[in-house]
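Both of the next two complexes hold chain A, though its partner changes from chain B to chain C.
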Partner chain A sequence: MQIIIDNISVECQEGESILEVALRNNIYIPHLCKHPDLEASGGCRLCSVEIEGEEFPKPACSTYVKEGMKITVRGPKADETRKMAMELILAGHPSECTGCPKYGKCELQSMYQFLGASPEHWHKTSKPVPDNKDNPLIMHLMIRCVRCGRCVHACRDMRGVKVLDYRHIKGEIRIGTKDGVSLADAGCRFCGACIEVCPTGSIMDQVGLITEETTYADAVVPCRATCPAHISIPEYIRAVKEGDCDTAVGIIREKVPFPHALGLVCNNRCEEKCKRGDLNDPLSIRNLKRFAAENDKTQSWKEKYTACAPDTGKKVAIIGGGACGLTAGYYLRKKGHDVTVFEAKKIPGGHMTSGMPAYRIPTEAVLDEVKVIEETGVKIVCDKKIENAAELKKDYDAVLVAIGTSVGKKLMYLPGADLPQVYTALDVLQAQRLGIDYDFGQTVNIIGGGNVAFDAAGTLVRMGKTVNVVCLEKDASQATPSERDAALEEGANLFDSHSNEAILAENGRVCGLQVHKINSFSFDPDTRALIEDAIPDSTYVIPCDSIVFAAGQVTGLTDAFGIELNKFGYPIDPATGKSEYTTSVEGVFAAGDVITGTKFLIDAIAGARDVASLMDKYLGGDGQIDEQLVERKADPHIGRIEGFAGLKRTELKERDAEERKKDFDVSSIGFTCEEGHCEAERCLQCDLRLNVSRPHFWSDFK
Partner chain B sequence: MKKYQADVCVVAAGLSGLAASIAAAEQGLKVVTLEKNKVTGGAASMGMGPLAVGSRLQRMKGVNLTADEAFLKHMHYAHWMADARLVYDYYRKTGDTIDWLEDMGIEVIFTGGTLYTPTRMRAFAQPEQTGHLIAPPPGQKPGPRCAATMTRKMTERMQELGCELLLETPGKKVIMKDGKAAGVMGVDANGEEVEVECKAVILACGGYGDNPKMIKETLDYNWGEDLFSFRIPGNVGDGLRMAWECGAAKSKMMMELMYQIPDNLNHFDLEGAFRQPLLWVNKLGERFVPEDCIGNTATMGNCILNQPGRTCFTIMDSDTLKYYKKKGVDFPGVQGEEVFDHFDEAAEAAKEEGYKYYFEADTIEELCEKTGIKLKGLQETLEEYNADCDLGRDTVFNKDYHFMRPVRKGPFYALQSFIGAYGTLGGVKVDRKFRAINEDWEPIPGLYSVGTDCCNIYGDTYPFVLPGNTMAFCLNSGRMAGEYVAEYINE
Partner chain C sequence: MNSFNLEKERLEAYAAKEGKKLLVCEAVHPLGKESVWIDAAKDLIDSVEIVREKIGAEKALVLCKGDGKAFEDAAAGKAIEVKTADDVEYGMPFMAPTAVGRYLNGEQGYPCLDKPICTPDGELVCAFLPSAIIRLSGKLPETREFFVNDTNKVTVKQGQTWAEVAAAGGVAEARGVIAGFPDFDVFGEDELAQSFDIWSLEGDEIEAFDANTCITDVALKLITQCNDQTCGRCIFCREGTLQIKLTIQDIQNGKANMESYNLAVNLAKQMVHQTLCGVGTQAGKLFLELADKFGKELEDHITSKDCKALSCKKYITYHVLQNLCTGCGKCVDACDEDAIDGKPRFIHVISKIDCTKCGNCVSACPEGAIVKAGKIKPPGPMRPIPCRRKD
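Moving on to the complex of A and B:
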């Protein structure tokens, strides 16, 4: 049907409100209590319009169109009603905007800018209301509340949580919880819908949550923003909660090809930023990923996942079959390129299969995920060490160097470091995982106190060795406490606050480590030289048959590799002098640990995604590697869960130390279905907020 | 990345940015304006109106003040610590700018009259009749925030003139090419990069009042501890940073101090009730100002800044409270004349909330214990002050005898004040054409700074004597820069 608004004839349909029709046709009608996603209540009267033949102005939000209606938005009667309405609204609002954190983004401010401010009788009805900043995540600054009711509708109707409502408080009608209890006690799910719809600065994110440094979406959903690969965490957790692990894995796989591996070993920085952490403890995001991967029965994502674009005829060689190389290979193959991955070791997987303990990440789990990559047509050539990337480039259109940092470092300044029974942590892990035979003897002293030292310790314990971990840090504070404690429980010995003097030998074989004790230590900020406060006369020897350095890893590259390196052996792009995705040879790219130094699995994968996109563009593609694999649901009506704020985090159970030290099976036990569901239910679903429509401002209309 | 092309890119659409955009567009330039917020107008949308001298409206009301007189008064007040040529040009422009606003369809009103000024303040704080107000829509009285109508009309005007306004799109960096400003990088609400290629850039970002770290570094105030200034969200110093990155020299940075109680909106009536010529003491218990001078918020800010702990207390006794409740206030301020009608309610609310800056005590000892004022000091002060009240003459400061009311009868009431401010001033060194200049006083071609980012005309204190200055400086510096930019581009 047709109606006429301000002499403009517009098309509309039965059941639409005048406001809807006007806004859609770029005709602005002031309004406040009506939010695009919420039922109209017609309360504020700012949207009053004149309808031909009607004596009194009608609210446009709750008056529905009729064929041939003639509407005047700013007629004298409507404007009079609007002026009164605005005065009433402002009467209960502070007369000053100073100090308001919503200033500049406030709908009421925009409204008084549009309509003109009417100061009459202002602070007559505006009574002080103390700010309530005691709730986690959400501030109530209710002196600014104009009682439009949008938060009530959002909480009750949109979300079904029913925490906020109009209450009688000290003879006034105010928004609040029943009996004024805390949001947590009222059953709030901290979804933030109320913040999203509040037109003033009455309900706001706690100070510091929304910052200028990140986009709004990133600030609202910090877990996803923090993940280097930006896995859509709230979405897959929602799928897990629905019991749909296939969809969850599909969502994860939209960003990373190793959901199971990451579910086992990711260093889960996302959890540090999880907003649930402000209530009690963050979601157990990593373990939910593992749960999803281990319960992914039908692999409904797979057909789309392995489908590739038509062949481009371009050939890509990838040096290094670790997480970075395989991920990049997968995406480049998807874009239609012919991809060959060269791996120096006898199996692919890089650190996942040879640089981490098998009891954290089993080889089969990784190879299963590699198999999916191979199904796309990526060729993996193992036992093939590439000596020169520039040479290789001659046979390929593009080459990616993704060899990681796969050579363990020995501290050669330590006397005795060149003895035969001196190894690195990587040697230990590879010995076990690839079946290489090294002469460790019975007692092994590990030098170093980071996570890798304890990985080596746990592995050696399982190999039946006596293990001593010797490190400078008190309590081996560099290591993650849980990883440290697990190895110690399994029987490794810790010699913390110890400094090394020399590796001792007898008849040409290692027989001990000479050490002394220290009170504290630091590093010279300029030279990085060790400065220690040693305990006098504390020198002694810790006997052993071999030494293992857990002192970091290097690329092991030399100039013979054919690309320009910095003095530490990392490739650089001469254009910037820094390690970049590009190198000194055109068409030869680099990514992962080989340019960043040893980082985490998720960083290598994120880097691989970036470099794959860049290489695709280099090869003539569009660089677009994002793909939606699965449909997902996002029901905004989350409902009530009693005691939601107090729901406890489910931790992963570890097998008993005495038990687990006997084998190389995974030492932790994945969530049961019930545990997975319970944990997923704790999610605040912060992302739902971003689906709430943004309100209309007059300045959006021209 | 989204790309735009323009002659001029204006960064921020507060009052100075709006004025600059319109002025440049009126000169036929293509303008793209970036604004971080969703609402235009910046701090001006909460104001009432600008200063002007020699406007048609003033002449009709018989206000004879000329630009020359205002200029001299201003410069004397600022002790000539300002660029005289710039200040003179500015005052000469202000009258015409009112016409300019009216031509845009903005109704400006001039009511004449000024704030009540007690006898002893008149010498240094009797304001000239320079304040203009923006008329609200028909049938409404002008009041707080009425300048929002002006910022709306200016927003519409700039769009009518073809300026492209990108809301929720902060400018992040000025692009320099061959030593000239050649573009601006910004980012939109979705995080997508925006590039504006242009021949000149006008930075109008409103200072750094919302950047406590930068305030601490540059001014050594601790926001939330000894400073309770307004923080206009988003005013974090973008304009200064971007100009400095291009080699602009730093100019003196300051805040236009005033005084304030923490969380004043929730304690509006209390603040009004105590902003009276009562007994004002510092932490030592000593008087530090003739209390009939507290009405000049700017100089009072300076006074408090120089007290121990940068704070002070206003004290009244029960008799005075009774008197005020019956007779009304001595000084009606922005809080209105009826603040004592709501005093009990306001005091009750403050106590219930646990507001830390309002005190009630039955004895002076208890008051000192609660406030941390030195007991001996306050006792000595009271002895002297109460004796003077009996005498009917202030032997210390010669405060107007009308206001000599003893502090004798408990319970006693006290309110603690701190320094406050609207925002910051200055930071980018400019010449009289608002061109950002480097350490050698050479202009950086194509780079302009306007509004509070470059406002260095006050010396050390806001010129209370010429009200409306900060808004007028934003309005006129923006307008002038918009015109100068046309000169530069057409050269």
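Moving on to the complex of A and C:
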């Protein structure tokens, strides 16, 4: 049907409000209590318009169109109503905007400036209301509330949580919880919808949550922003909650090809930033990833996942079949390039299959995920060590160096470090995982106190060895406490606050480690030399048959590799002098640990994504590697969950130490269906509020 | 004024609806008092039954506050449930079935614009005030109970005049009557001899006042009731009732001028049309009718600082009548402000500066020598002089 607004004839449909029709046709009508996603409450009357044949102005938000209606937005009567309404609103509002956290982004401020209204004729009715900053994540600064009711509608209708409502508080009408209890006690789900719809600075994110340093979306969904690969965490957690693990895995795979591996060993930095941590404990994001991967029944994502762009005719060689090389290979293959991955060891997977303990990440799990990559047509050549990247480039259009840091470091200054039974932690892990035979003897002393030392310890214990971990730090404080404790429970011995003097030998074979005890230590800030406060006369010998250094890893590269390296053996781009995705040879790229030093699995994958995009562009593609694999639902109506704020984090259970030390099976037990669901339910679904429509500002109209 | 036509339309609309329906009778007294309908429980329940059948509702629900026994007894054996709604924070905003619907869904009872609301069991909520139920049933009893000035319960017969009702409620020489909350109708002195239809009133409250009561006090009381009842959603109701309340206080305190008074009148005009339910509409209408029928009295306060009822402290002074004062000094003891000067057998004098107009001295004087005065002040000495009274 047709109606006429301000002499313009516009098309509209039965059931539409005048306001909707006007805004759609780029005609601005001021409005406050109506939000695009919410039912109009109809009380603010800023949207008053004149309708021909009607004696009094009508609210456009809740007056529905009729054929032939003639509407005047700024007629004298409508203007009088509108202006008075705004004046009354302002009479009950603090008179100064300066200092308000919403300043400059405020709908009310924008609107009263547009209307040129001021409350000077009226009684000042604004009364002090104390700020409430006691709730986690959300501040109530209700002195600025104009009681438009949007938050009430958002909480009740959009979310179905029903926490906020109009209340009689001290002789006034205010917005709040029933009986003024805390948001947590009122059943709030901390979804932030109320913050999103509030047109004033009355309901705000707690100070520090929204900063200028990040985009708004990143600030609102910090877990996703913190994940180096920006996995859409809230979306996959929601799918898990719905019991749809296939979709969850699809969502994870949109960013990373190793959901299961990450679910087992990712260092979950996202959890540090999870907003749920402000309520009680963060979501168990990593374990939910594992849960999803282990319950992915139909792999509904697969068809799209393995479909590649038409062949480009370009050939890419990737040196190193670890997480970085395989990830980059996958994306480059998706973009239609011919990809060959060269792996020096006998199986692909890099650290996942030979640099971490099997009881954390089983080889089959990794190979299953590698197989999917191979299904795209990526060729993997194992047992093939590439000696010179520049030479290789001659046969390929592009080469990626992704060899990681796969050589363990020995502290050669320690007397006896060159003895035959001196190994590195990597040797231990490879010995077990690749079946290489080393002469460890019965008792092994590990030098080092980080996580890798305890990985080696756990592995040696399972190989039936007696293990002593010797380190400078009191309580081996470098290691993650849970990983340290797990190894100690399994029977490894800890010699903390110990400094090494020499590796002793008898008849040319290691027989012990000479040590002394220390009170404390530090490093000279200039020379990085160790300064220790040794305990006098505490020298003694810890007998052993072999020594294992857990003192870090290096690339093992030399100039023979054909690209420029820095003095530590890391490739550099001569243009910047730093380790970059580009190297000294055009068309030869580098990514992963080989340029960053030893980092975490997720960093290698994130780097691989970046470098794959860069290489695709180099090869003539658009560098676009993001893809939507699965459809997802995001029901805004989250409803109430009893005791939501107090829901406890579900921790992963470990198998009993006595039992797990006997084998190399995964030592932790993945979530049961119930645990997975309960844990997923704890998520605040921080992303949902980004789906709330942005309200209309007059400046958006012509 | 009543909304008789509107309620008939609503009845017909409800009757035409398919599906499950629930008739709700809002016998909750809006000001939180015990309902007058307790005394007429049987009549009300009978009418509920008739209206329920007219609408075609399976069930009816009577909402009340406090003891619902009278209704329960009357409803025994009928498809009528009685529920005490003690958790309602404020009287249901009236003429807004959506408010009742929200309440029955466990939410705050405030009106909204959206579609008719159903109970959690899926019954369409059809809500009416008791008086509307009686009217709609067509079975109009000959008498009806009202509260006059809050507490005096009066049984009014059909055909009585306003003056008779006021007198029955303790105001023998009424000069004005207001049919009270939630639907206000103001009647001036010349209208009090009219008889009225008891069933034309929406509410159960009647306000009657005589020459000793200032119109500003009546206005303030009733507007405050509205302000207390506002649910807060309509700017013109929430802020409007507050602004008018403050303007009336200004009138009483000598702070108002004609400009602010006219602003309040304009505001009241907007309130009548720009609110969602009867609370805001009626508050606006009340103030407009007061300005219409008692405007002169209000303006006298503003322009000539005159309160004829001698009630607004700002415009009155206390005086000792020189021919009656015996100089006993009892008034001095009663005055907390030390505002009375005098000594035994001297005519006492009240200081205009120190007097806070509490009126304690008036009752303390055994001779009735202390009086209030408005514009015309009784003659008297500036400072104590020996008494003239010899007895």
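Keep in mind that, in the parts below, the second predicted complex is superposed on the first by the 698 of 702 C-alpha atoms of A that agree within 3 Å, B and C clash if a C-alpha of one lies under 4 Å from a C-alpha of the other, contacts with A are read in each partner's own complex, and residues count from 1 in each chain.
Just so we're on the same page, a contact is a pair of C-beta atoms (placed from the backbone, for glycine too) under 8 Å apart; a residue touches a chain by one contact, two chains touch by 3 or more.
In this text the structure is predicted, and so the values were computed from the model without any measurement.
Judged by the touch definition given at the top, the superposed model places A:Asn445 against neither chain B nor chain C.
The partner of chain A that touches more of its residues, comparing chain B with chain C, is B.
Using the contact criterion defined above for the overlaid structures, shared-chain residue A:Thr200 touches neither chain B nor chain C, since it reaches no partner.
Of the two partner chains placed by superposition, only chain B is touched by A:Pro128; chain C is not.
Touch criterion met: A:Lys702 reaches chain B, while chain C stays clear of it.
Judged by the document's definition of touching, chain A residues 122-123 lie at the interface with chain B and also at the interface with chain C. Those residues of chain C whose C-beta lies close enough to touch chain A in the complex are 89-90, 106-108, 110, 112-114, 228, 230-240, 242-243, 246-247, 260, 263, 266-267, 270, 273-276. If you check the complex, the residues on chain A that touch chain C are 33, 39-45, 48, 56-57, 59, 62, 80-81, 84-85, 88-89, 91-92, 121-123, 125, 147, 149, 156, 162, 165-168, 171, 173. Residues 83, 94-106, 109-110, 112-120, 122-123, 127-131, 143, 212, 214-218, 697-700, 702 of chain A touch chain B in their complex.
Within the complex formed with chain A, the residues of chain B that make contact are 36-42, 45-46, 136-137, 139-146, 148-149, 151-152, 155, 159, 165, 167, 170, 187, 189-191, 230-234, 236, 263-269, 336, 345-346, 349-350, 352-353, 355, 422.
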